[in-house]
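Common to both upcoming complexes is chain A, partnered first by chain B, then by chain C.
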Partner chain A sequence: MHALANPTRFLKLAATIQPWAAGLCILCFLFGLPIALLFSPPDYQQGDTVRIMYIHVPAAWMGLFCYGVMAAGSASYLIWRHPVANMIAKSSAPIGAMFTALCLLTGMLWGQPMWGTPWVWDARLTSMLVLFFLYLGYIALGGAFDSPEQGDKAAAILALVGSVNLPIIKFSVDWWNSLHQPSIFSMAGISVDAAMLPPLFLMVGAFQLYYVVVVLMSVRAQVLTAKIRAAKLMRTT
Partner chain B sequence: MAKRKTQRLYFILLGGLAVATGVALVLTAFEDSIVFFYSPTEISQQTLSPGQRIRIGGLVETGSVNAEGETTTFSVTDTAESLNIVYRGILPDLFREGQGIVAEGYMLASGTFQASDVLAKHDETYMPPEVADAIKAAGEWRGDEPQQEATSNSTMASP
Partner chain C sequence: MNTFFILVGRDLRLSVRHRADTVMVAGFFAITVILFPFGIGPEPGILERVGAGIIWVTALLASLLSLDHLFSDDEQDGALDLLLTSPAAPTLVVAAKIVAHWLTTGLPLTLLAPILGVTLQMPVGSAAPMMTALLIGTPTLSLIGAVGAALTLGARRRGILMPLVVLPLYIPILIFGVGAIDTASMGFDAGGLFAVLGGFLLIAAALCPWAAAAALKIASE
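This part shows the complex of A and B:
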């Protein structure tokens, strides 16, 4: 971990991983989307509407995952002053916000035909909306200071405080009565039929790899920008 | 330098603990407002003021659904208590006997629940129709029975 705190070493590793991740991501989408949307079986009670799950569930997981990375990156930035960790945290925010928004939107599209309403203020839906606002707050707070370092620190603290929301989202359907159904993963196993798992996991893989590619691109750009700024300063002085 | 790092680590860990404790206390205190619906058992134990709007959730009792024009009467159960509900309007597609539903409305003086909205709940089981048929044919189907749904949806039966 500490070795990767060196931006140059990180750049090297990122350049190796990125094309592989991009290729695999395209493959996952290429197989996952048609299987999920066309060739997988319909559900016994929801029919074809169940296909929304293949976007909704991976998007929800990514919303939580990106926040987890953001909080971990923020913590190691605040404690050990890892510059790369902070760059990863900052790059994860817009991606996580996008996945959370995708989750909320597909959830509304799914809720209307199945529940009879696109939105209710139950614990799961509300905590997921709070997650979306936390992302927006993190992005806004990071840019609200004159000195970038001050902004980064304030945003990192917000990310850490907000991470208390992650277990609330995860367990909201177990702790309180909610309209949203419990998680498909439980101690008893997966409650999704085996025929529906390949498209689900392909889509999870596709979203995950998409995240890896975009984060690596974004961090590389941030490292290079920092280097250019340093080089300019060197020349003027 | 190393000392400052450890200091920051402890500071963040302590801060995290404080925030988590605070949030846990708030969530426990507001539990009644966070739950989305009450079960018929919980309703029977509460004294509601007339016209107070609440949400009630449970399974539609088999054989209890009666439709007259736009008005539907049915009862929901949490397997311990059940409650009669009157609703005027269009029911969601998933509404049927044995299905989990959430109704919003108020109690009438007669002890019947007047619903203004009925939402359908579904559980987290997804499977192709053929698989569902095969399970039904094998006599292993437990999806429509209150017992199974009540336990698979851990929040419905227990308070």
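This part shows the complex of A and C:
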């Protein structure tokens, strides 16, 4: 981890990973989407509407995952001044916000036919909405300072403070009576039919690889911007 | 411990010299609560259903407005740097400022709330649970708000940024605070909800001064 604190070394590793990740991502989408939307079995209660699950659930997992990466990167930045960790955290924020928004929107599209209402103020939905606002707060705070370094550190602290929301989201359907479905994976086993697992995992894989590709692109952009700024400063002195 | 009380005393003395600040917070609270009956209309039953929520949300917003100058007054005249570089632990300094802030904003709001509850046609039985919930909840609001104030010290657009940062963290307290008042005023046992509010207070009291002190260190670099 600390060997990768050198941005140039990280970029070299990223350059080798990125094409493979992009290729695998496209493959996962190419196989995952048709299987999910066409070939997987319809639900015995919900019929074909269950196919929204193949977008909604991976988006929800990615929303939580991106925040986890953001919090871990922020901790790494605050404790060890790891510059690449900070860049990964800053890159993950807009992606995570997008996935959370996608989760909330697809959830509303799913809720209207299934529950009769697009929104209900139960623990799971409320805490996911709070997560979305935490992302927005992180992005806003990071860019609100004249000194970028102060903004990065302040945003890092905010990411850590907000990470208390993650276990609340995860366990909210277990702790409170909720309209939302309980967790798929629990101590009691897997509560979804085995035939629905392959497309679900393919879509999760597709979203994860998409995240990897975009984060690596974003980190490279940040490193190069910093290099350009340093070069400009050198030129004027 | 002595340092703590000296610092609280200092902030209280400063607030007494600027008495208008406390009065303004209470005044804002009162006026905003009174706006709601005009906005919602005189139809019976509606105001008392939403009364607890109105009181809580307005207390939250009044608290936010007053948090703006929690650290920035001291930062502008350099006293904050002196306090942070003094032998006193930064966490202690922040804790003292938060206590003084609560005494000058949260406590007056708590005392004022039942009177405003009357304007919202809330039942008489809701006054006691309202004061208890606010008594437990407003210190938590001060604690979490202090983290927000410390994080946004020196930021551009501070006025709109701090609510954006702090309000998502306020939501759990709001949910349980309103739940406690509504449950208790309907006659059911709200002990569990008050206990959760107390839990939030304890967690915030343990973690927020430390987080705010870390944020102040960043702001003063």
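Points to keep in mind about this one:
Simple rule for what comes next: the second predicted complex is superposed on the first by the 237 of 237 C-alpha atoms of A that agree within 3 Å, B and C clash if a C-alpha of one lies under 4 Å from a C-alpha of the other, contacts with A are read in each partner's own complex, and residues count from 1 in each chain.
Methods note: a residue touches a chain if its C-beta (ideal position, glycine included) is under 8 Å from a C-beta of that chain, and two chains touch if they have at least 3 such contacts.
Predicted, not measured: the structure shown is a model, and the values here were computed from it.
Superposition of the two complexes onto chain A shows a clash between chain B and chain C.
Contacts of A:174 after superposition: chain B is touched, whereas chain C is not reached. Here chain B and chain C are compared by how many residues of chain A each touches, and B touches more. Looking at the shared chain after the overlay, A:193 reaches chain B, while chain C stays out of its contact range. Once the two complexes are laid over each other on the shared chain, residue contacts for A:34 go to neither chain B nor chain C.
Using the contact criterion defined above for the overlaid structures, shared-chain residue A:158 touches chain C, although it does not reach chain B.
In the superposed pair of complexes, A:116 makes contact with chain B only, with no contact to chain C.
Contacts of A:182 after superposition: chain B is touched, whereas chain C is not reached. In the superposition on chain A, chain A positions 78, 160-161, 168 are in contact with chain B in one complex as well as with chain C in the other.
Within the complex formed with chain A, the chain C residues making contact are 147, 151-152, 154-157, 161, 164-165, 167-169, 171-172, 175, 211, 214-215, 218-219, 221. Those residues of chain A whose C-beta lies close enough to touch chain B in the complex are 41-46, 50, 53, 75, 78-80, 113-117, 120-123, 160-161, 163-164, 168, 173-179, 181-184, 191-193, 195-196. On the chain A side of its complex with chain C, the touching residues are 78, 126, 130, 133-134, 136-137, 140-141, 144-146, 150-151, 153-154, 157-158, 160-162, 165, 168. Only residues 5, 8-9, 12, 15-16, 19-20, 23, 27, 31, 34-39, 57, 91-94, 102, 117-133, 152-156 of chain B touch chain A when the two sit together in their complex.
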